[in-house]
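Structure in structure tokens, see below.
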Amino acid sequence: MSNYPFSIDIEVIFRDIDSFTHVNNAVYFTYFETARIKFMAHLLGVEGANEIPLILAEAQCSYRSPAYMGEILTVGMRVSHVGNKSFHLAYEVVAADGRLVAEGRTVQVMYDYHTSHSVTIPEEVRVRLSDYC
Amino acid sequence: MSNYPFSIDIEVIFRDIDSFTHVNNAVYFTYFETARIKFMAHLLGVEGANEIPLILAEAQCSYRSPAYMGEILTVGMRVSHVGNKSFHLAYEVVAADGRLVAEGRTVQVMYDYHTSHSVTIPEEVRVRLSDYC
Amino acid sequence: MSNYPFSIDIEVIFRDIDSFTHVNNAVYFTYFETARIKFMAHLLGVEGANEIPLILAEAQCSYRSPAYMGEILTVGMRVSHVGNKSFHLAYEVVAADGRLVAEGRTVQVMYDYHTSHSVTIPEEVRVRLSDYC
Amino acid sequence: MSNYPFSIDIEVIFRDIDSFTHVNNAVYFTYFETARIKFMAHLLGVEGANEIPLILAEAQCSYRSPAYMGEILTVGMRVSHVGNKSFHLAYEVVAADGRLVAEGRTVQVMYDYHTSHSVTIPEEVRVRLSDYC
């Protein structure tokens, strides 16, 4: 997983699977969110999700192999693009047996919740993001 | 919504929103799924979700405007592409005040759960899908 | 349902069911919550869930018959006890075919989120609650 | 936690909290379920949740203190009653700082999914359950 410098492990629970007995398609976006919030809190030095000055503009997932209850999934993440006001994150979900489970992407926009406007990514955030490219 | 020939209405419930008080990003994929299952059950004349011979290959959502608890959202859907073994669905989520809330896309592959292989879309399914292009 | 003066209808969606193909046990508490928030918003004349000055002290559900995707469930509700600072709600979930699906109970405490203390139920709220006993 | 011989740790994720920024009331039943499935799979020596020959008859939770995103919760569990065809599990949710977050109870009935009838708890299961009283 050298291409994904930030990662977390998630165990698939019963509520994550659906009547096909595999992880439901929408749940991968919650896995991405869990990784993203940990990453951003770490990067920005904040604690709660509500202190992260971002809005999500887009999310995408390609499903490669079903995952099952009890599996430990590693969600790897990297910064795949840094723009003026927005940046992209790329995700890879890999099972303990090495199987590629899913790949995805989200687009985040730097946002000022007080003025309700998107803002330019501060230089120090840009520098830290580049450490995870 | 003339471009989206199939649609359902969904009321945003408390559990759909997150600590930002708007609909959580992953929940839109559940809204898409709810519309897709109704559409496919109708199209194929089956009842349960587990009788629908499809696997999901990809899902994508662009978030245009936040939605809030109590809002009635109309999820419109159309067939945007029909290939040999797969087809695409396009989604539009519109609030009662006309606000565009989200747009999305999913890619489905026709699948035989007995042989565990993808299969060619049967001609009669292809014809019915084309009614929703 | 004459014993349950307030009720809402909920359609079981695919995400509500689990790998046993019936509604997951935890989801009934979300059904109760959906009914409870509508009821309290109506009773108190407020709009958002975050304006409802209550905390939940207890929730209970007895499962009588499984419910399946696509079923329309009626969640009936009544006020079963009014105390000094708290009151009880009783719930009944009935399927369209008349089948009793579940019964439940929640205990709410009137709460002042500014002072972080429980408070006595105001007389006018007590009167309105008694209309739903 | 000496009174709860079986336990698992769960980290509160963003999707578990609601617009009050604390863990949603229904989510505790998913925490209980996660602990219960691990316990039963261990006790019965089976792997998947669908191999566990039980139906849930009742679930209850008393909310003692709110829990927040990022907290590590320990869900302790013990067998609190063993009847002829059913048994009770008691749960305790404790935060890392020692705070009691929630207590709960579920009632399970031994069930034969082939004949669709409840059955007497086999003697060897009864013996193993008694190890966790």
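Letters A, B, C and D mark the chains as written, and numbering starts fresh at 1 in each.
Here is the rule we use: a residue touches a chain if its C-beta (ideal position, glycine included) is under 8 Å from a C-beta of that chain, and two chains touch if they have at least 3 such contacts.
Everything numeric in this text was worked out from a predicted model, so none of it was measured.
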Co-neighbours of chain C and chain B - touch as defined: A, D
Centroid-based (C-alpha) most distant chain relative to chain C: A
Inter-chain centre distance, chain A versus chain D - centres from mean C-alpha coordinates, in Å: 30
Mean-CA-position distance for chain C and chain A (Å): 34
Whole-Å gap between the CA centroids of chain C and chain D: 23
Contacts with two or more other chains, residues of chain C listed in rising order: 14-15, 19-21, 24, 26, 30, 33, 49-50, 69
Partner chain D, residues of chain B touching it in the complex: 14-15, 17-21, 24, 26, 69
List of chain A residues in touch with chain B within their complex: 19-20, 24-27, 29-30, 33, 49-50, 55-63
Of all residues in chain D, those that touch chain A in their complex: 13-15, 21, 30, 33-34, 37, 47-50, 69-70
